[in-house]
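The two complexes that follow have chain A in common; it is paired with chain B in the first and with chain C in the second.
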Partner chain A sequence: MAKKKKNIELYAPTTWKKAFQRDWQLYLLILIPLILVIVFNYAAYPGMRMIFYDYKPAKGYDGSEFVGLETIKKVFKDNDFFLALKNSIKYNLLDLALGFPMPIILALILNELRFPRFKKVTQTILYLPHFLSWVIIGSLAYQLFRPSTGIVNIVLKNFGLIKDGIPFLTEPGHWMVTYLLIAVWQGMGWGTIIYLAAITSISGELYEAAMIDGANRWQRIWHITLPGIKSTAVTMLIMNLGRIMGSNFERLESFGNSGVKSEQYQLAIYIYEKGLAGNNFSRATMVGVFQSLVGLLLVIVADKVAKKLGEDGLL
Partner chain B sequence: MSKKRKKEMESTNDGSRAITKFKFSDFVIMLVLVILCLTCVLPFIHLGAKSLSADTYVVAKKVFLWPKGFTTTAYKAVFEDGRLVYSFGYSVVLTAIFTLLGMVVCTCAAYPLSRRRLKGRNVLSFVLMVPMYFSAGLIPTYVLMNDLNLIDNMWGLILPLIFSPYNMLIMKSFLQSSIPDTLEEAAFLDGATNFQVLGKVVLPLSKPIIATLSLFYAVGRWNSYADAKYYIRLKEKFKPIQLLLSEMVSTASEASSTAFEAVVNIATPEVLQAAAIMFVTIPIICVYPFVQKYFVKGVMIGAVKG
Partner chain C sequence: MKKRNLQRFGATLLMGVMALGTLTGCGSKDSDDAGSGNMKNEVAGMEGWSKFDEQVTLQIPVYNRGVADLDSVSDNGYTKYVQENFGNKYNIKMEFIPITRSDVMTDYALLASTKNLPTFLMEYDYPKVTQWAADGYLQTIDLDVFANIAPTYYNRMVAQNQLAYTKINYDTYFVLAERPYYDTTYTYCTFVRMDWLEQVGITEVPKSYADYCTAMDKIIEAGIAEHPAGGTMVTAAYVANFGFRNYPVSGEDWAMHSSLSTPSFSWEPTKKLIKRANSEYNKGYTDPEYYITDAETAKAKFINGETYSYGGYMSATVDWLDSFYAANPDAKLAIASNYGGVEAGVQEFPQIRADNPYGMTIGFSSSATDDEIKAAMMYMEWCTQPDVLYTLQHSDWNNYNNSKDFWCVTIESVKAATIEEAIKAIAPQGLPQDFAQQMIDNYYELRKIADAGHAYTDPAFAAVVNAESEYNATLMSKYVEYYDKLVMCDPAEFDKLYEQYSKEYLEAGYQAIIDERLALYKDGKSTKLPWDK
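== the complex of A and B ==
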């Protein structure tokens, strides 16, 4: 009887006063992350008013000139901004087109593998690139792909396939392909985990029944495995679509060089170069806020779409 | 799910291939996977070989997967230069502090939020999650960091990032599913406080997730360098190893990527660069096989909640 009474006390809705009396220790714990978030995230929000000033770091807000909507107008007349925006969207869409199917295909292949030992070693090796920083991947790529000293070009030349070194990372067109494929390579193994987990939850009986009915490997993949991971794939696709405005500074920076500026110039680079390196704080803030707002909007839309399709939302 | 049942499920899922004979398609599958694995392994073998080769062989383009004219000069130079070695030590300390504090903060957020009895839970969790979806951007954050005196300061690389909403969500969903309220009730009946329950019931049961998330924190801090590039402007001693490597190779690659490559090449210690990259990569490759399975676990738990 006493136990039941305690139960009610613990879980019945209470007044704030009672809740604090009972759980003050929990509130004390959560105060720590709350303070951190307020000090390091929320406290930065007022800084967004820089958009309306011609902000000079040395003068602060009081000393800087209030310019109203001038900065916003300037940004939307800025060719550099449109180049960065165009490149960001273009590369995110290409990343998605190449990077989204690859883990699915790889997961299907891994699932068809017979030898558990071999599978385990393969997975361990394929996950590795995910744990390397973009600096390492970028500098490794430069070592491998340089026109005259990179091993890839040396090997191709030795086989007589090419005469001159291919400028994999120094000419815009080649750079685009190399840059995109390296990201596919980096993410493909790691991306399989989520699909392999989904495949594990498909009932083995389905496969047995299909085998008894004489379905071959492709039929089993097409009619059992693929439908089994469809909802995971849809969720992943929507989540990735929500990130279409993002841009990864570390990745771009690691692959940057003077020859490919026109392609490498994306929003993260714009904000860094105009803002921190170029001291044009107001304009960089404006572009950052634009990026954040559109990103937020996309996430909300993606969440709505996912829920409409009967999948779990993101929010 | 018990381990045994998991095993059973895995073995029934072999149904797709258990009975059939080894076919041509099996061979193709293995071939594809071997090739993909080689793309992950060969670059590092080549780089390792290069870093252990004599300059002349590298310039003559004769080094492929095995060192020619074996020498450790390049590594000696890396150690003598000392910057990478110092930075390595600094990064280890930075990562250790970051991971420890990160786990403390993560637990402080995830444990209360995982308890249904906490009044105001939804509001608190909303307040904590907003920054994940809307950030003020680089410049306002930079100005804030400047006001907080965290520019050119080691704590500038720690404090802003130790609360990670993503890690918090993973821990929260783990606590919700593996520590039911009934488990706590028994402790409360014995008169335990919330702190005692956390210390004696919850944490001992959360060891696997603590291991996983510590690794998430550690790898995240170890690998990222954008914030260091933003916030460490003048003081060399606060630069983590990834930033240092990035600065070392970017000057070199910029020079040798131009038309002058052939000329610069002799002057640019390509071997030295290879050694520097290997110096930063080897620790990860050494630790990675042992900790990999914890990562996979974390992704699985995280996937449940999206």
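== the complex of A and C ==
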């Protein structure tokens, strides 16, 4: 009887007061990230009204001229904005197409490695590029891929494989491939962490049963490992779709040169050139908000689609 | 129980401190009390100054050039000297605010947005300071008050005809520092490989473009360097097309195109300049990878003995010359002639861009109090006193020797009794070759060009050119793209491409800029050319 009563108490609906009295230390702990998010994310939201002003920092909102929808109209009439938008979407989709499956494939390969020390060393080597800044990667890439004096072209020429240097970073078509593949190289190792974690949560008994049933290694990957990490992959995909409108200024600037302007001109460059460099903070804010809103919309749509397909989704 | 209570108290305290720390980071500087009303003293000049009753904080911007091995911009020998000898005497707390040299506008914008602008703002480029005036960064100045507090500084401005630059739309916003010998650019020298020239049988530096091309051809032919002219990517809006301009250039063309802030693409002299660059590229003088070569790489190429020439501002210590001689101990350098670009029908005689007839343009922050502004004016006057200026310019303080960033508030370079003495003070020391005499000869060559009226500067507008802030960054980016395409194109296609790109450039905003500049020029809101006055 006493045991039954205790169970009832354990699952009885609680009140805020009771919950706080019991776990106040935990609530205090969560207060820190909560305050940080409120201060650094939500507290900045009133700044979005900058879009409707010709905002001058020294004059503040009171002294700056209210221009209504003028900034929005200017941006949507600007051909350069649409070029930047087109390039951003194109490159983010390509980044997604190349960059999204790579960590999964790599995680599957790493998972199959049986010699622990080799596996750990390999993992560490694969993670390292993630910690290099784009400025360093860009600089290294130019040293390697310059048309005449880059090490790669010199080696290829010395082996008689090419006559003229390949313009890896100075001609739009070649630049696109090099730019995308370097991003895959930089991010794939780091991306495996979450999938390797998901793989470890798959029960070992499933693999044992499959082995007893005669499943080979490929069949075990296909029928156990992949379905086991599917929900993680869907979550990651939804999160990546939210970044379709994103744009990394550091990466673009590090790989930029006058020969590839037509491809390099993406939203981050647009925001810098037409916003920040000209002290036009209203325009920079407007494009930033546009990116965020479209990103949010894509996440919501992707989440709904995922749920309709029977997945857990993100929201 | 006691232990648990102590733990709870500790946790609560920690949370509280962290939360408070987060929130206090969002605070802004309290503004000082209102000013002291009438700023004029009964006695003009330093004799009339007295100690402030309450301590005044004077914030001074100093360029941070990102040079390694220097003490902090805000705490070094200079700052200590100024605090001890000026600040303490007048109850002024001196604070030196670092400003990133390569990103001045962004730094000031960030300071403005947090209401933390230094007491005064200063910059070399006139369009930037006019922009600050228009955007509310600055307050107007009563020049009578300035003359009362800083008479030495003010009288110098009058003597050097600088008052025309103090106004924007009839309001006074600026005071201006001195720039000695501004029309000769003698502090910048281009060095060439004299040993290479001698190796190919040439005994003096080229004094015409034909001589220059002969030298390049011979150097390539002798296998000394593959692409001796080298080259770097375009990073500045300034187009060095003075030599390619008609003389005398028309006032309207000059007002529309002569600018440090927007590349003058679509203008005929710029076309001539790029056409020459195209010719040099196609003849192999220029490095085919010049457009992905930054300034540091170009410097390294000269040091490594891959290129014929390199230039820079002179001082007692020039790091790249030190490195050059360390790598090439037997090399011989010479200063290039200013006549090296002269070519019949293209560049009849050298013309150079004179500097502005003033150094720093200085305005006072719109959020500064009267006391702070008074302290700033006192500081400017104090720095102008010969004994103080001598100490500032000649003391060896913690690697900041001769750092003009601390005394540019009054003057731009060391002034001496004679130009020979001034040059000797900035001639590089400790090298296998002594360049002082060549620098003096170079000065007199430049002097001759200036005296012939062939050195003039860009217009300064007494109003903001609004289209510049709207389009400048975009136009700069387009110019780099077009310049490189034109330099690397087939010479037969050059004229057609220049015409096509010019049209695109004008449509991208340049037409709006030149229209606005021309209107201001016609309205009398700009300086004039020497021959139009």
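Note that in this section the second predicted complex is superposed on the first by the 223 of 315 C-alpha atoms of A that agree within 3 Å, B and C clash if a C-alpha of one lies under 4 Å from a C-alpha of the other, contacts with A are read in each partner's own complex, and residues count from 1 in each chain.
The rule is short, and it goes like this: a residue touches a chain if its C-beta (ideal position, glycine included) is under 8 Å from a C-beta of that chain, and two chains touch if they have at least 3 such contacts.
Keep in mind it's a predicted model, so treat the numbers as computed, not measured.
Q: Answer with first, second, both or neither: which of chain B and chain C does A:V289 touch in the superposed model?
A: After superposition on chain A, A:V289 lies in contact with chain B alone.
Q: So, does A:Q25 touch the first partner chain B, the second partner chain C, both, or neither?
A: Touch partners of A:Q25: chain B and chain C.
Q: Using the touch definition from the top, say if A:N257 reaches chain B (first), chain C (second), both or neither.
A: both
Q: Which partner chains sit in contact with A:A58 here, chain B, chain C, both or neither? Use first/second/both/neither.
A: Touch partner of A:A58: chain C, not chain B.
Q: Quick check for you: in the superposed arrangement, does A:P147 touch first (chain B), second (chain C), both or neither?
A: So A:P147 meets both chain B and chain C here.
Q: Could you let me know whether more residues of chain A are touched by chain B or by chain C?
A: Between chain B and chain C, the winner on chain A residue contacts is B.
Q: For A:Y42, using the defined touch cut-off, is the partner it touches chain B, chain C, both, or neither? Pick first, second, both or neither.
A: A:Y42: touches chain B, not chain C.
Q: Taking the superposition on A as described, I'd like to know which of chain B and chain C A:A233 touches: first, second, both or neither.
A: neither
Q: Could you tell me if A:E273 is touching chain B, chain C, both of them or neither one (first, second, both, neither)?
A: second
Q: Given the touch rule stated above, what does A:I166 touch, chain B (first), chain C (second), both, or neither?
A: Touch partners of A:I166: none, neither chain B nor chain C.
Q: What is the shared patch of chain A, the residues that chain B and chain C both contact?
A: In the superposed arrangement, which is not itself an observed complex, chain A uses residues 25, 29, 32, 36, 39, 43, 57, 142, 146-149, 169-170, 257-259, 272, 276, 281 for both chain B and chain C.
Q: Taking the touch rule as given, give the residues of chain B at its contact with chain A in the complex, in rising order.
A: My answer: residues 9-17, 19-20, 22-23, 25-26, 29-30, 32-33, 36-37, 39-41, 43-44, 46-47, 50, 58, 61, 64, 104-109, 111-113, 115-120, 124, 127-128, 130-131, 133-144, 146, 148, 159-160, 162-163, 168, 181, 185, 188-189, 193-195, 198, 219, 222-226, 229-230, 242-243, 245-246, 249-250, 253-254, 256-258, 261-262, 265, 270, 273-274, 277, 280-281, 284-285, 288-289, 292, 295-296, 299-300, 303, 305-306.
Q: Using the touch definition up top, name the residues of chain A that touch chain C in the complex.
A: Residues in contact with chain C: 25, 28-29, 31-32, 35-36, 39, 43, 56-59, 63, 80, 142, 146-149, 169-170, 257-259, 261, 272-274, 276-281.
Q: Can you list the chain A residues touching chain B in their complex?
A: On the chain A side, the touching residues are 3, 6-7, 10-11, 13-14, 16, 19, 22-23, 25-27, 29-30, 32-34, 36-37, 39-48, 50, 57, 106, 109-114, 118, 121-122, 124-129, 131-136, 138-140, 142-144, 146-149, 151, 154-155, 169-170, 185, 188-190, 193-194, 197, 199-200, 202-205, 207-208, 211, 217, 220, 224-225, 232, 235, 239, 249-250, 253-254, 256-259, 271-272, 275-276, 281, 284-285, 287-289, 291-293, 295-296, 299, 312-315.
Q: Can you list the chain C residues touching chain A in their complex?
A: 8, 11-12, 15, 18-19, 22-23, 26, 105-106, 109-110, 112-113, 117, 131, 135-137, 233-234, 288-289, 291-292, 366-367, 469-474, 477, 480-481, 483-485
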